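Pasting the structures in now, so scroll down.
Two complexes follow with chain A in common, the first pairing it with chain B and the second with chain C.
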Partner chain A sequence: MAFIPHTEEDIAQMLAEIGVDDIEDLFSEIPAGLKAAALEGVPAAVPEMAITRTMRQLAARDGSPLSFLGGGAYEHHIPAAVWEVTTRGEFYSAYTPYQAEASQGTLQLIYEFQSMITALTALDVSNASLYDGASALAEASLMAIRANRKSKSATVLVPRSVNPRYLRVAESIAGNQGVTFAPIDFDPETGTTPLSALASWADKDVTALVVPQPNFFGRYEDVDGLTDWAHAHGALAIGLVNPTSLALLKPPGEWGGQGADIACGEGQPLGVPLSSGGPYLGFMACKKAFVRQMPGRIVGRTVDLDGKSGFTLTLQAREQHIRRSKATSNICTNQGLVMTAATIYMSLLGASGLARVAAASCSNTSALVDALSALDGVESVFSGAGFHEAVLRLDRPVQPVLDALAQRDILGGIDLGPEFPELGHCMLICATETKTDEDIRHYARALADILQQAQVA
Partner chain B sequence: MSDAKLIFEYSREGRSAHAQAPLTLAEADVPVHLRRQTPPALPAVSELQAVRHYTRVSQKNFSIDTHFYPLGSCTMKYNPRACNTLAMLPEFLSRHPLGPSSHGQGFMQILWELQEMLKDVTGMRGVSLTPMAGAQGEFAGVAMIKAYHHARGDHERDEILVPEAAHGTNPATAVMCGCKVKELPTLADGDVDLDALRAAVGPRTAGIMLTNPSTLGVFERHIVEVSEIVHDAGGLLYYDGANLNAILGKARPGDMGFDVIHMNLHKTFSTPHGGGGPGSGAVGVGERLLPYLPVPIVGRDDDGFHWLTESERPDSIGPLSAFMGNAGVLLRAYVYMRMLGRDGMRRVGEFATLNANYLARRLERAGFTLAVPERRASHEFIVTLKSEARELGVTAMDFAKRLLDYGYHAPTTYFPLLIPECLLIEPTETEAKEDLDGFVAALTAIREEASTDPDLVKGAPYSTPVRRLDDVRAARHLDLAWGPQAEQ
Partner chain C sequence: MSELPGDLKYTKDHEWARVEDDGTVKIGITDHAQTALGDLVYIEPPEIGSTVAAGDSCAVVESVKAASDVYSPIGGEITAANELLADAPETVNQDPYGDGWLFAVRPDDNAELDALMDADAYQALLDEEG
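Coming up: the complex of A and B.
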């Protein structure tokens, strides 16, 4: 009777109270032809002890390889306290704080999260999270279309230096509403978006320009120039940012003359485990003028009947449970628990800790680039400074090399061939603060060995 | 100093949780014009200060682990601890989403088995686990319906029928998919008005979105007729899985004629609600919509498990997340389903229904008015406090707030919108009889208070960290973020 507390006596008393003989009688309104047969596709129940053993075996099969993968999900150290506190039952098993008086914990936490996201981005307001970075970009694009009333074209310019997965998700989500996502080329020398690439759009109706920082290749974009271009051409600027990097980099609210209008991104680096891709959290912040176009929950601070400070969901007239078909988005449940972890992570790291994580990650990546590009047949592709990712070119197809590395329990990078064939045999690598000098040497030795063996063969 | 002390108010310059950052400050090569000039105003606190603060903050919540939480339509049942512990095994947590299949066979096997189990409990032909919440599952469902019509050259079908009692996400989703919403009336006994449905369908009908049992807490008895009417008109049927807990193991949406369903794994399969997510809105489809399922999906062949993406499934509506949805939530749902097994699945529906009908009957006997008394309750039911509001001047919201003082989370209030002064009550199968009895006693006591001292009830709650909040002030004087400026 997994998790069902009823005794035989309880059942008998309850059925008597209802006035039926059998639980089956409670389903009398379901037409007989629709009654389900036994569920053959679900195995018989197993106790906790047995499923624990099964799960441990399955987990062990996936192993613990040494990973240099990034591409939108980053391995950072997560302080033990983050998930110890996050998985307290009071956070874990509560729901959306509709009853504010009984949900002050979650509401205060969201308010603190919003405060930290606005601090990181230097924008005025933040929401309580979206699903992930990719869907946050989709929502930011739709929001920009609502907010930019002067633009009629629903055209969002997306540099090709944006994570291509994000673009595909944005197309899946926003494409049904007549949004056009137009690609902007990058400079093959620098891996960044030159203003000249926007020239053909100068006379057209552009609704918004996405400005990634750092971009998918780990390069720094000319955020001031791109933001100013957007504003000079009647478009809104949407910053797509890595939150760790904001400890070091100029925040979106300060880009160009007027600052980006909206910033969004993937919150996973803030204390959220890689966990095969989720649950993560999207974040979004914007200028105050656009707050009523923002999707998702927003918490405000107010006072109670006794004048005591407290927190409540606010501006709910934007949301589906009030506005229904006229809502800013259909989003209801977001990523509350993951947002809780991110908030605790940011509290434990603080600005100085986050800056150390960011700097150590940059430094390790640059050491990794140096170590690998010293090998014959490996070269660094883009000139200029970058954050904690970089692109390397091999003298041969990338995937077989990555497969050989994986056999040695090293996940060496992401093959860029399928998405960026014009770059040749390229891969994206990443070394966060979690990697030691020995890890980097280990990878370099293995790669040297594999490249050499393949040549001999 | 207010009681709601913020983490920022513990900050002191130079303080930090030293163990949590790299020891040395490395040089980062950032061009001067791209550098941040002032550090972000994040808290500067010790580890103990952060742990104590957030532990105290957590204690200001009602939760399933601390309180009976009969929030209608939300299925607030016990979240078994093993589901969390086993989803957080180190190898699962550290697995990178772009890691090779060679280092993901365990994880992918779990997803594949979960797909198979969910197909069976819903009676569907294919399942995609990637939608990250119910609303995203709804989006996937309507987007697939649209893709199906478009693939047939049927470009005129842009109307989605939605009962007026539906969840707000239904019409909002239809609009996000570029469709128009047409609302359908509901009969007093809770069933869809078939005549109105016949009049509403036509060559522009893309589909209908239904919850069954409906948001009125009763099973749609004419579901087979509804299915015939909509299908005959060329539309498809969408099942909103919000209330799947009611019929788990007893009846399957696929057998009722639905073409697509989303499941809220955070309701029916007991993954945590987490203070508002992460949820998971896996979708299941019948034959017609198989090609359009969102990617990725886990496939299996002789070499093991592998991802099916756009290249293998070119007609897919595409990806809805950067990687694999809320993967960690899926692991929790898997553990839950394995621990319950096929018989446990059936008992979920049975005992959720037993608890709801027992609670409804007890409240009715205690003098409360049920919204649809002539019908059998499903896993939830509605009490209307219309007469209490009229005679005593005490509203459903007042009852809800006073319940907090009695140690019960309030039921869902004022939903569905068409029942005045209503409480939508869903006890779930994991509550014991004595807890249900305690809830009846509390509501009865509150009604007694309402007749002797209505102001007591109208002023509730008194025992929570704050009393009723000034929502108007919150919306007029927006205070959405702490900042050093705001404190001055």
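Coming up: the complex of A and C.
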């Protein structure tokens, strides 16, 4: 189905039909005082040739550094076919089309995405995606509050081992809706959330507990224990997961005795390039019992009058065009194009390919930790197993060292000090499957050199 | 238009209330309401044991084309929800005044019941709404 914008001729014809000279005349009833003045900060139009050169120059300033950054967005290899197929005209839209059922291909693709997410999470239903991982956590918290009707406190426990940016986004979205996000401390030895940290909440009304896996430090949480604690205390369990890791780890639907109730996370690792923070995509899945509280769109499979298979938007009574202010959320569209790329990425890799990506990332990070922590003045902070991120402590402030590494075209990690006062001199590092043994040696040599030089100076 | 049961009280939101022998009051939606909503696919029950005031929304009836709040016509404690509806929401379409009841309330103040419409008054409202 083609979606073609109006031509000048179309516009002129329509204006002639209704007897109006200029489109501006249609807005004449707006008082002049309410109209925005000229946009003074916006420069005059420049020719395409000039703007292309400017944009190239700006982009070149990024360079192509060797990146060991994680912290919520990950550099993975993206097969060339992913974006070649995604940017075909048939798929090239960010939105669920209006008259959705006329676009069966788009609906089938969303259905396949949902099926893959339910397979990864071992939960019953998935929606058609959300904006990003952080907003997905906010939506999952609001959903848990609607779904857990026995709880009146609207209190969501969020371990401090959750990405601190996610918590800030969740507070921005849900904080003004009466939701309290309460922090839970982590064990300084393991970097994970011990059940003992929940003890002070045992007698209180808790609506939901967020269970990150792997957590922000790359550590594996006791997901079974945390999920069971939530259920034993009348709370729902919200799994916050990395989709790549789910190819290897126990899925949220199987955590503890009853499984997590909701799972959400950031879908960027699935075929979406690092891009200044977005656009990325959030995903969310839940147990069937809670499907009517799930935000976002859901595509279902059905048969038409002739018994032929087809796809349709379903359970729309939850959505704002029907339920108005009582809708499950104000999200009426999804992150369509990015979701398309994620679906194609997962299709190309398959379950075994995704598992190889996860295993290689895990193994490379382990090698990176070994190589760096062998240096004088560098030590691994947390004991226990982890996925593709780890925390290292230096014998000095981290930021000057990261700056020196950046001078050598290496993005060495994230300084954790500003977010975690108890992790001064600590940085978060990551090595996905894109890093070779030589990359890791190169980083180790550069870090050794910088630490050495600084000592001499 | 089907006959309106004479032993029920009615509201302008197209709900009915029936006083049971044990003093609780069963609440449902009228035949007119179920016809207007169309095939019901899901009933979200109120929470048993919770306290409601007259006019509070406490349940949701969802059809293939709309989801509507159900308001408690009287204040009190929710004592029961119709468990049959979890698996058979269409019962509300088939038997709105009988097996299709939604929930039961133990009223705080029976006077609130007296303020509701009788069958004749409700019929007049329906005629007026056309």
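The rule is short, and it goes like this: the second predicted complex is superposed on the first by the 400 of 457 C-alpha atoms of A that agree within 3 Å, B and C clash if a C-alpha of one lies under 4 Å from a C-alpha of the other, contacts with A are read in each partner's own complex, and residues count from 1 in each chain.
Keep in mind that, in the parts below, a residue touches a chain if its C-beta (ideal position, glycine included) is under 8 Å from a C-beta of that chain, and two chains touch if they have at least 3 such contacts.
These figures come from a predicted structure and were not determined experimentally.
Asker: When the two structures are overlaid on chain A, which partner does A:292 contact: first (chain B), second (chain C), both, or neither?
Answerer: Touch partner of A:292: chain C, not chain B.
Asker: With both complexes overlaid on chain A, does A:198 touch chain B (first), chain C (second), both or neither?
Answerer: So A:198 meets neither chain B nor chain C here.
Asker: After superposition on the shared chain, which partner residues are touched by A:322: those of chain B (first), chain C (second), both, or neither?
Answerer: Both partners, chain B and chain C.
Asker: Could you say whether A:300 touches chain B, chain C, both of them, or neither, answering first, second, both or neither?
Answerer: Touch status of A:300: first partner only.
Asker: Mind working out whether A:144 is in touch with chain B, chain C, both or neither, as first, second, both or neither?
Answerer: It touches nothing on chain B or chain C.
Asker: Report the partner of chain A that touches more of its residues: chain B or chain C.
Answerer: B
Asker: Output check: A:85 vs chain B and chain C. Expected answer is one of first, second, both, neither. What do you get?
Answerer: first
Asker: In the overlaid three-chain picture, which partner chain does A:206 touch, first (chain B) or second (chain C), both, or neither?
Answerer: It touches nothing on chain B or chain C.
Asker: So which bits of chain A does chain B touch that chain C touches too?
Answerer: 322-323, 326
Asker: Show me the residue ranges of chain C that touch chain A in the complex, using the header's touch definition.
Answerer: For chain C paired with chain A, touching residues are 42, 44, 47, 62-67, 69.
Asker: List the residues on chain A that touch chain C in their complex, please.
Answerer: Residue list for chain A touching chain C: 149-150, 292, 317-318, 322-323, 326.
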